[in-house]
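Okay, so chain A shows up in both of these, paired with chain B first and chain C after.
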Partner chain A sequence: MSAMLLNKEKWPDFIGKLAGKELWAPQVDSNGLRFAPVAEGEVPSLDFSNTRVPPKEVVFPQTETLFRFKSGSEELKQPQPGKERVLLGVRPCDARSMKIIDKLFNWDEEDPYYLKRREQVTLVGLACTEPGLNCFCTSVNGGPASTEGLDLLMVDLGESYFLEQVTKKGGSLLEELKELLEEAGNDSQEQKESIAGEAANKIKRSIDTEGIPAGLPGLWEDPLWQRVSASCLGCGTCTYLCPTCHCFDIQDETEGQEARRCRMWDSCMFREYTLHASGHNPRSTRRERTRNRINHKYNYYVDKFDVIACVGCGRCINLCPVNIDIVDVLGQVKEALR
Partner chain B sequence: MNMENPYIPYYATVEETWYETLGERAIKTFKVVFDDEEVRKSWEHFPGQCAMIGVLGVGESMISISCSPTEGDFLRFSVMRMGKVTQALHELEPGDKMTVRGPYGNKFPLEEWQGKHIITIGGGIGQAPMRPIVEYVKANYDNYGGLTMIYGARTSGDLCFKEEFEQMTEEEEVSCHLTIDIEEEKWDHNVGFVPQVLMDVSPSPENTIAITCGPPIMIRFVLENLKKLGFEDDQIYTTLENRMKCGIGKCGRCNAGNMYVCKDGPVFNYATLKEIPEAFA
Partner chain C sequence: MDLEKLRETAAEVVARDDVKYLIGWKKGTFGYRVMPGFVEDAESAAELIFSPLCTANLATYLTLVEKPPLPRGQEPDKRKVAIMVKGCDSRAVTQLLMEKGIERENVVIIGCHCPGMVDPALLAEKYPEAEEPAEIKWSDDGFVLVRNGEETNLSRDEVLAEKCKLCRYPNPVVSDITLGEPVEPWEPAEDTGVAEVEGKDVDNRWEYWQEQFANCLRCYSCRNVCPLCYCEDCILDRLNPTWVYRSVNFSENTAFNLARAFHLAARCIECGECERVCPANIPLGKLNRKLAREVREKYGYEPGTDPEAEPFQAGYKPDDPEDFIM
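So, the complex of A and B:
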């Protein structure tokens, strides 16, 4: 199916049509805006900038059960696979991030938990028309209307949404909804292009990443790491809320006779992350941990998977309690390379 | 490796256990056999590799497989009591079950080393990942140009695999040099630090591969001395350890620079390692 238009008046019908599926959309909870299941009969609003917690939590939950077991039994019971989900209103940066971490979870041994959820999710994107203050997606191969990682892209044209099929999955969703849609003409296509172009122009933060991956190894002992980590509290917010951060811990939890092995997000900004049982720690200070975080995103990941593990969503900048700013850090990297 | 779900471990039953060393940080060796015959058949490990072993309800730790496949259809692990998981492992006795998943990591390229003289230089628990090399080379002795082993610990009570190594000092095919840091009564082997014993033994670098593992400070001086003896970087190997959780290059924490110790290691050639500033951190 080619590009389609959905008149905004039909938005509630659109949602109604999707009622048979597990529909997730950005909703406000005590932690701010995050993706959550849409209650029956409710019509989610798409009037938002971006969620505080990235939608990676839908495919890679903060804590998930690997298997359950009981004392006295040898059975290791794996959780039942969940339902098919449709995520509505995914920003292009967050969709790209899933493409990026797919590489990690697919690498060599496949990660069945992540890959199953990924397969079961349909990502309906929403192009940005008003990028946030600290967005810099255009510096890392993204864009406010990028389709990478999405199944379907929606662009707000004012009166209607422009719907662009990206994958087969997105196409079959459009097929199901076709009676609500009308064919998008050339004028809508042009309007969409100009909206996307305008949005890109509204992005004020930028960094030229050229030379950073290749240059970082040479800056190993550069004083910049001391400088940029001096105010770091080691709270881990930058990594927990990063859509491409994927590191995790594995722990056993027992309650009476029942127990589970689970995995949960972890952060390279924590001292315990690399602490050896002997007490030795290969990354014992925040300087080393900050250096690792930047290197992992802009050097190691590029080495291994040929892509920068940063989508420029700006969350780590917006939410850092001491205003550590990755664009500024990268600026200092560029400066040191000069 | 469980192909369907790499996070699901196999059960293995402890057949034998014994203490290598005593004290607060005792080292206990476990000889274990997989419960499932299919797993026993399909499991293949090679010197250098590790496994995630654990106790359900407590957790898992990455431990070197300290036996060579040439020894039989069992696994051996020598575990130092350090934290929660290793404490729980130490409580296991024959007949108890542990969980095992793996094997993980790359291998010592023993096939590539055929025809060469092999020298292992170890300290303390660092001998555990090298014991399989010694066993493997002994089992395929005709394919190698000789075997030299230098192994030391603080006291004779801190030496792992002491009986089998003491016996080796009497075997003609292995040139085995045991050492302790401080003089003791009834000790008729070397006294002195491992790097010094290496200089005393003074192996020729010609057609030789040196593998070292032990405390970081020992490794540093061993490397220095190997260079003094004329060894080239690519003739030297070591094996690294870092905290690990998944073993399959996903959880992130074991990286040394752009290398995952669980996938790209734990065995590294010194020529590679030297380029990773974090490797000796």
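So, the complex of A and C:
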């Protein structure tokens, strides 16, 4: 089974069939759109642009308890293992981001917490037909119908969804749902290709990344870092909402005689990030921290893992309180390299 | 406001020997964005703007300055910083002066009379943002949106920012140089946002804030953008002891948000920046405005309106009202 069609009328049945699994989809809460478990009997809508917080939070939660312990006891209690989850409506950029951070969590040490969650999740993607204003996935090897990182890709053909199997996991999901599906013919395949092409053409922002990873080390002391960081507030918006940012901190937190060891997202834009116990901070100003953010994504990660750690989702551009715009910053990098 | 005059004035200010740089507003990179501009010469002064999109309060940059250790023998740059302020922003500067967060001789204040700003998010809902940065102008009874050479009239009520609807100080309360024509203050609207929360019973009110704080990402953009959140050693960054745990959950998030609100009581000048920048859309303005109103109504005190006045917490009068204290 490689490509199938699902008539939109059967969408509620499709969801019904998945009822035995923990199903997550973008849902509107009081403050915006976010991935959340779908309540029983509810049918999620796929009419959305993208979530505010990327779905990386499902596999790499902002705070997670690693284990609990008690005063006077040597026992370490691990939390109950999570369940199999199906994420519905993952945008191709966000799926690619997971593939990218997999490399980090599989690097020198395997991270059992992340990898376990990753193994338990099935990503059902939804190709973009109306990219957002600041999307630039096509500049960083992605695309509105990219399948990288996904298990299954859905493309909206109007009256039906085109379902493309990407991995075995995606295939077995299709197998479970097969009585609702019909084989996709060549015409649907062509329609899918043309929709994907049109969507790519709608992307307005772009940056030619050629030469950036190799050029960044030479710009270490360039005045551009002072210029772009002057207005930076040093908040965590860009990093916390970035689907590829993966820095974390580990801390022990007590509750009376009990305590938990947990890890939580950290942000290289914070002033206490890399602050040494001595009081010295090797990145003591926002200039150095901004330089690090760009270098980490467009230089160090490329050097280490051969891929740019940015998927062009545009969240940092949309949500930066002071309009620090990564496409603009990269433009200034290119300018400085000329 | 005459932009030529603004740019000319800015160029003159930054040309002074005793001025380091000027902080103003520049055109953004797309849609309704405007970015803070750090001006050091006449060339960059020519990029400055003042439009109904200049909602941001730049006063936070006065205290956000980093002081990395200097190489041996190098003297710190003690020249003044010039800053462009609207009415509300000037209250932040005034409050900083009152608290001795900054010294008067270290700043050059360029006051801009402000007819009111648009809420960019509200505007984007009605007229989606485009790739090109849009231009917006004031008109006699509202605003004019200019996009692709096409002009759209917007009524004032339709897109005026909430903080501006409630504003009582459209003209700068402190300045060295003023630009534009003084604005006749308008009748502040009723604060329906606060009234709506006040109208709930205790349980529902708690539930309301629980829902809001549960979404907090602890990115601290509210703290960092706030011109009056400028402690060098913030309680939130402390690890030993850890006053507020890093865990992002309802309990810690509430501790953080309430601690911040209380630290701002009788200090918040209602510029609305916390709410504007929050990526989780938490209505922080309601919290801060409620406290500001309590202080105003109970003590007749308004922060940031008189640089010579005593900060609220530093003052005590034997006849201070206490009938609402249990």
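In the analysis below, the second predicted complex is superposed on the first by the 337 of 338 C-alpha atoms of A that agree within 3 Å, B and C clash if a C-alpha of one lies under 4 Å from a C-alpha of the other, contacts with A are read in each partner's own complex, and residues count from 1 in each chain.
The definition used in the following text is that a residue touches a chain if its C-beta (ideal position, glycine included) is under 8 Å from a C-beta of that chain, and two chains touch if they have at least 3 such contacts.
Please read all numbers here as calculations on a predicted model, not as lab measurements.
**Q** Please determine, from the superposition on chain A, whether chain B and chain C clash or fit.
**A** Taken together on chain A, chain C would fit alongside chain B, as the superposition shows.
**Q** Check whether A:H296 is in contact with chain B, with chain C, with both or with neither, and answer first, second, both or neither.
**A** Touch partner of A:H296: chain B, not chain C.
**Q** Looking at A:E75, would you say it contacts chain B, chain C, both, or neither? Reply first, second, both or neither.
**A** Neither partner.
**Q** Is A:E9 touching anything from chain B or chain C once the two structures are fitted on A? First, second, both or neither.
**A** Neither partner.
**Q** For A:Q251, decide between first (touching chain B), second (touching chain C), both and neither.
**A** After superposition on chain A, A:Q251 lies in contact with both partners, chain B and chain C.
**Q** In the superposed arrangement, does A:F105 touch chain B (first), chain C (second), both or neither?
**A** first
**Q** Between chain B and chain C, report the minimum C-alpha distance in the superposition, expressed in whole angstrom.
**A** Minimum over all C-alpha pairs of chain B and chain C: 5 Å.
**Q** Taking the contacts chain A makes with chain B in one complex and with chain C in the other, which residues are shared?
**A** 249, 251
**Q** Within their complex, state which residues of chain B touch chain A.
**A** 1, 4-9, 11, 56-61, 82-83, 86, 97, 216, 241-243, 245-246, 248-253, 255-258, 263, 277-278, 281
**Q** So in the complex, which bits of chain A are touching chain B?
**A** Within the complex, chain A touches chain B at residues 66-67, 69, 71, 74, 76, 78, 104-105, 107-113, 217, 220-221, 246-252, 254, 259, 261, 263, 266, 268, 273-278, 280, 282-283, 288, 292, 295-296, 299-300, 303-304.
**Q** Note which residues of chain C are touching chain A in the complex, please.
**A** 28-31, 33-38, 56, 60-61, 64, 66, 68-69, 128-131, 211-212, 215, 217-221, 223-225, 237, 239, 242, 245-249, 276-277, 279-282
**Q** Mind listing the chain A positions that touch chain C in their complex?
**A** So the residues of chain A touching chain C come out as 29-32, 34, 52-53, 62-63, 133-134, 204-205, 227, 230-231, 233-237, 240-241, 249, 251, 253, 262, 264-265, 267, 270-272, 284-286, 317, 319, 321-325, 327-328.
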